[in-house]
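Following this line, the structures themselves.
Both complexes shown next keep chain A, but they swap its partner, so chain B is in the first and chain C is in the second.
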Partner chain A sequence: MENIVAVKEEDLQYAGAARKMQRQLVRDFYRQDVTKPVVYLFVGGNPAELLRALGFQVYMPEITALTMAIRHQSLQYILKAESIGYGLDVCGYVKTDIGLTHLSGGETDMGKIPRPDLLVCNYSGCSVYAKWWEALAEFYKVPLIMLDIPYHRFNDPQKEDLEYIIGQLREMVEKIEKLFDLTFDMNRLKDVLAYSRKAEDGWGRSFEMAKHVPSPIDAYFESIFYMFPINALRGTKEAAEFYDLLNRELDERVKHGIGPVENEEFRTVIEGVPPYPGYRSFWNMFKKWNAVSVAATYPKVGGMFDIPELRHDPAKPWESIARYSIFSYCNLSWDFRRETIKRYLEDFKADALVIHGIKSCRSFTAGQGDLRDYVINELGYPALYVESDHQDPRYWAEAQILNRVDAFFEALRMKR
Partner chain B sequence: MQEKYVAGVDVGSTTAKAIILDMDRNIVGKSLQNVSPKVAEDAETAFLKACQDAGIDREKVVLITGTGYGRLKVRFGQLIVTEISCHAKGAQFIFPKTRLTLDIGGQDTKAIRLGENGEIIDFSMNDKCSAGTGRFLDVCADALGFSVSDLGPISEKSRRPVKITSTCTVFAETEVSNQLARGRKPEDIVNGLHYSIAERSISLMRRVGIVDEITFTGGVSRNTGMVRALEDKLGRKINVSPLSQWFGAIGAALFALEELEKGSDPKFMPMEVKQ
Partner chain C sequence: MTSATSSDLIPLLTNLQEITYDIDFEQVHKWKREHPGKKAIATFPVYVPHELIYAYGHLPVNIYGGGEEISISHADAILGSFICSISKSTTELLLSHQPFRDAFDGFVFPFICDVARNLSGIFGRRISQPVYMLHLAQNVQSEHSIPYLKNEFMRMVSTLFPDEQLDLEKLRDAISKYNENRALYKKIYELRSETPWKVPLDDLYMTIRVGSNLDVVKHNELLKSKLSEYEKNERPKKDAIRVVVTGNFCEQPPLDIIRLIEQVGCYVIDDDFMIGRRFYQTPVSEEGDPIEALARHYLHEGAKTATRFHEGEKGEVILERVKNANAEGVIFLTAKFCEPALDDLVLQQQALQENGIPSVHIEFEERGSGYENIRLSLETFVESLLFD
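Now for the complex of A and B:
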């Protein structure tokens, strides 16, 4: 934890424990030996459990890309991708990944990103994703399996939608068994699903903790670190154990009344993908105003695990994987996203909404202007919109963003 | 009673403005200074010039607020407030019925919606580029061989304003050259530029809601052609003052005065008390 207030060190058993373990998990992940076939998946709504059960090592290029951006290393890869013709407006994740893996051999200061043996495009709602995986299939000459996930049209997915997805998942497993001479083991899948569920329960509980006043956690800036296990390692023992530890740390913070800032003054809900190239600076802009994010949509980009019903389930393996795939954040209807923001503002006793839009992803950002209007005009909460990019530091204009953030909190404080 | 004053210093991207107020809220001194890379020095020069204009020693100024992009460079000041709050406050001080402020400065445009008591209800700013701002007009004026202060009078001669779709500052020169090459008259190009910026600014104003009264502030508000284009597109009159460029500094000085009235002791006031 970044800013623990004055509490005697000896009273705190878990201070910083979750962040320390998260760092170790990241290090171990990128330094692991490649002993199995490698599959690339997307974060949102992926069938990682099936691939793990089949014996694959799972990688997500989005996570590698954002890790590069937060370490201020994304631009060199973006420029490499642009040098072979990728345009300025193409998604920063795509360009960072292609610049890093295909054009630079996957060597990073954290370890080597292995080449894929298989590509599964588990979310086709973003057409850029589909094209990205097609490009990788062409570069690496490896099989590409593309799933067609129905849009989240109803709060509760329809039976036909689930059957449609389950049919594709079964077909995918059969194809992979043949392609890689592997045998699918349902018992192994159930073990993996049990670990997923345990991690999801723990992660879901950590969201609820932010209802405390003061909040023991910054549910955006801090939770972004804690997303790594649920997204990169979901279905493993390590991920399940991580969230146990996180909750122990949060319980301890609540017990001592400590939070990410010394005197919580503003409670915000944050929507949107973070500006990873300016992540620390952006966080500091909020800390300066004693503003804490108490709920955020982005940490649920892999799955809406704040909804207790959305869990992987060893008792319903196919159905729970299919249901999860629909609840990828980008696949959610705007009705659902609006209701989610409303619920967060009310349930977490928030003062305002902050939206961070990203230039190179219209899939995530389209509609955020309407969301701002809805929150201001219909719900009566103040809302701030700022924009940069999740990967490309050329869009990070610090003075301009600082000005907007300062003016926003200044106005909130003056109204009090 | 000892003679006391407060000051507001607005350090923008192209100019620094300073205002001196007496305790009765009268403007007794002002200055305008171009900004160089030595921003801190320019800020102080602007402040000293305003003191000189007021005919007072700097020691008489007991509280100073810094605002604008260079607000952190007002190191001789005690308060820091963003120019969004300051422009709004300054506009409402001069035009008390102001409910919407449009500020077009050197590198950004802001629409600020205000409540009856001066509280900021909402604000919206241009995208992170200087398209359609004062800098864009500067570059266009250069390309046409005019001074920026000529743009208003020149545009009055226009009969058929040219439709300009790109207000990108980087491509401003090529846009102007292209229009000249097509035989367009300079006055029609200038007028077209004003209408193009007006449309862009009105779109920003719509995001926060267009309500009367509207006050136009910032350096570009001195351009009569710009005022005319905005009034034409909005279909209503807007407030403009010869002091519009100083509204940020006026607001800053008013914040300083209010702090004094609250009984704060400037000696112990942290620089970022507002933040």
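Now for the complex of A and C:
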């Protein structure tokens, strides 16, 4: 918590507790010994629970890449990947991962990133996923399993889509059992799913907290830190406990009327992937206007955790894993995304929409201009669109973005 | 469906370039006037099973953006900065070109990349015609992929033609006509491989591309006529190198660049130009369940483009193409911002390098402003091979 105001320290039992635990979880994660086979998964709609139940250590190179970027270490790896032919327009996650793990041996100041024993391509929401894993399979000469998740196009997942996914999940388990001489245990899976569910319920509750005025949490800039347990550790006891702690901290903030800025003046919904190379600067641009994000789409890149029906369910293991996988944010149709933004603007009593588009991720970004048009002209909310990248600092034009943000809030303030 | 006669072909043959690049889609409007009550369905690259649309008596039309024929004035604001030209010009056609909007009664965007996928949502918001995002199965190993894909194909046509029934006999007939279309392409490419000087690249390109907005029967007649013309062609043989051109499976380069490749001294023996129109080298089965035949063929026989998942064989695929074409080098011709092409290129270049096969990478956009740098790169590539 950055801006604790008008409350005595001794009244606060949980101030900064979630952030402290999150930091520790990150440190522990990257320092852990490799004692089990390593599987690489993608964040969006992944079947981490199945892989944990089978006995794998789960890594997500997207998370490693963004961690490098927020620590201002991504460019060296991007340049390495470019030196073997990856073009300027290739996704920065791909280049950071290949530059770091394949070309530099995975050594970081946080710990060593292990090479995978298995690649599972949970193809949910991003076509680059397939390209990335195809390349890693060639580099590392390890098995690659494609798990094809149909794009969300219908209001409810169609029976045939769920059957297709469940069929592939069962095939995947059988294949892994044979490849690694492992035995799948349904009871173990149910235990893992129960931890996932508990974490998701807690994470979902933290989103709801932002409906308070003032909001006790910045649902974009601050929540992004809290995404690590739900994505990297979902299905573990630690992740489940983390969200309990987060909610205790948020409850305390509500009780004392504490928010992330001193006097909440603007409530925004933020759409898009953050500019990790300029993360602090970007956040400060909003803080200076007393603007708080009260809802955001990016924390749902793993899955739509704010919709209870889409959370994992130990009573319906296969179906809930399949249903979850369809609803990763980038796998959602624009119809659904527009409705989601509309719901956030209304339910969280927001003043405006802010969109951050990035060069790397066309899945998230292509059509955000159309979204801006929809929000302004059909919903009647102000909307700001700025662009940079989530990995590559060469695209971070701080002065230009600052000018846009200042002009936007200046205009909003004038209209009041 | 239209039965073409040789006299029907005269306007096509004499106005090939104009018709190929016509963003008013006059050929489509003409077809609709001749077939009252029937529909034209626009399909974005790379591959959509046109046979299914044709089986309903409607006209499937490949769209390839606005090329050099339209200026981008609205699409930038809709799509953002880092997006390929074909997506922008297609969006521009939607936003500001009424003949395009009027030509089509439905749109299909296959999931070839994230931008193509997202275009379906942008179109869907802005028009009343049905729009379908076709999720082609990526898992070629799963036994569940064929039932899924059969169902997916049927959902596509149910969305496009909700009140119509599919006649399986008509689908078999459509498959037969498209098999003939693909067989004719194959013959022309075989002729080009044997005697490339007889088949000028730009003419071949437009002959294939013009079929995008024609009834397949009419296009088959055109291909037969062109095959006969090429066979008789007495153009002199040039001292040119045989190359494979790859990477341009979706967005199409300007005609000037296509001409440039041949002008600098290359015979293009194998290429990705409009690969979706000749996605299969083998005929789709005309026996049994025709929907299953289409699904099975897509999964197991389709071209191995960068828009599909195919593990561990990027190098082998390009090496085999080079070998089959008896080519001396490869031109990677990729559209700016085309991530699938740029990703595959790395593995393919490495395989070529390991096998001592030269390659050059050329990046293009639909609307270029002079091609001197591209000419220079191509000339250097050709000279390095000629004097090697």
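One rule holds in what follows: the second predicted complex is superposed on the first by the 414 of 416 C-alpha atoms of A that agree within 3 Å, B and C clash if a C-alpha of one lies under 4 Å from a C-alpha of the other, contacts with A are read in each partner's own complex, and residues count from 1 in each chain.
Methods note: a contact is a pair of C-beta atoms (placed from the backbone, for glycine too) under 8 Å apart; a residue touches a chain by one contact, two chains touch by 3 or more.
Worth saying up front: this structure is predicted, and the values here are computed from it rather than measured.
Enquirer: Could you tell me if A:V254 is touching chain B, chain C, both of them or neither one (first, second, both, neither)?
Expert: After superposing on A, A:V254 lies clear of both chain B and chain C.
Enquirer: Determine, under the contact definition given at the top, whether A:M110 touches first (chain B), second (chain C), both, or neither.
Expert: A:M110 sits against neither chain B nor chain C.
Enquirer: Considering only touches as defined above, state whether A:L182 meets chain B (first), chain C (second), both or neither.
Expert: It touches nothing on chain B or chain C.
Enquirer: Report for A:E410: first if it touches chain B alone, second if chain C alone, otherwise both or neither.
Expert: Touch partner of A:E410: chain B, not chain C.
Enquirer: Touch test for A:C126: chain B only (first), chain C only (second), both, or neither?
Expert: It touches chain C, and chain B stays clear.
Enquirer: Of the two partners chain B and chain C, indicate the one touching more residues belonging to chain A.
Expert: Partner with more touched residues of chain A: C.
Enquirer: After lining up the shared chain so the two structures overlap, which partner does A:E387 touch, if you call chain B first and chain C second: first, second, both or neither?
Expert: both
Enquirer: Applying the touch criterion given at the start, work out whether A:I376 contacts chain B, chain C, both or neither, answering first, second, both or neither.
Expert: Only chain B is touched by A:I376; chain C is not.
Enquirer: Which chain A residues contact chain B in one complex and chain C in the other?
Expert: Shared contact residues on chain A (touching chain B in one complex, chain C in the other): 369, 385, 387.
Enquirer: Give every residue of chain A touching chain B within the complex, in rising order.
Expert: Residue list for chain A touching chain B: 288-289, 369, 376, 382, 385, 387-388, 395, 397, 399-401, 403-404, 406-407, 409-411, 413-415.
Enquirer: Using the touch definition from the top, list the residues of chain B that touch chain A in their complex.
Expert: Against chain A, chain B makes touches at 69, 81-85, 108, 119-120, 122-125, 127-128, 207, 272, 274-275.
Enquirer: In their complex, what parts of chain C are in touch with chain A?
Expert: It is residues 76-83, 87, 111-115, 117-122, 124-125, 132-133, 135, 137-145, 147-148, 151-152, 155, 306-307, 309-312, 314-315, 336-340, 342-347, 349-350 of chain C that touch chain A.
Enquirer: So in the complex, the part of chain A that touches chain C is made up of which residues?
Expert: Those residues of chain A that touch chain C are 84-87, 89-91, 94, 121, 123, 126-128, 130-135, 137-138, 144, 146-148, 150-151, 153, 158, 160-161, 163-164, 167-168, 171, 330, 333-335, 337-338, 357-359, 361-363, 365-370, 373-374, 385, 387.
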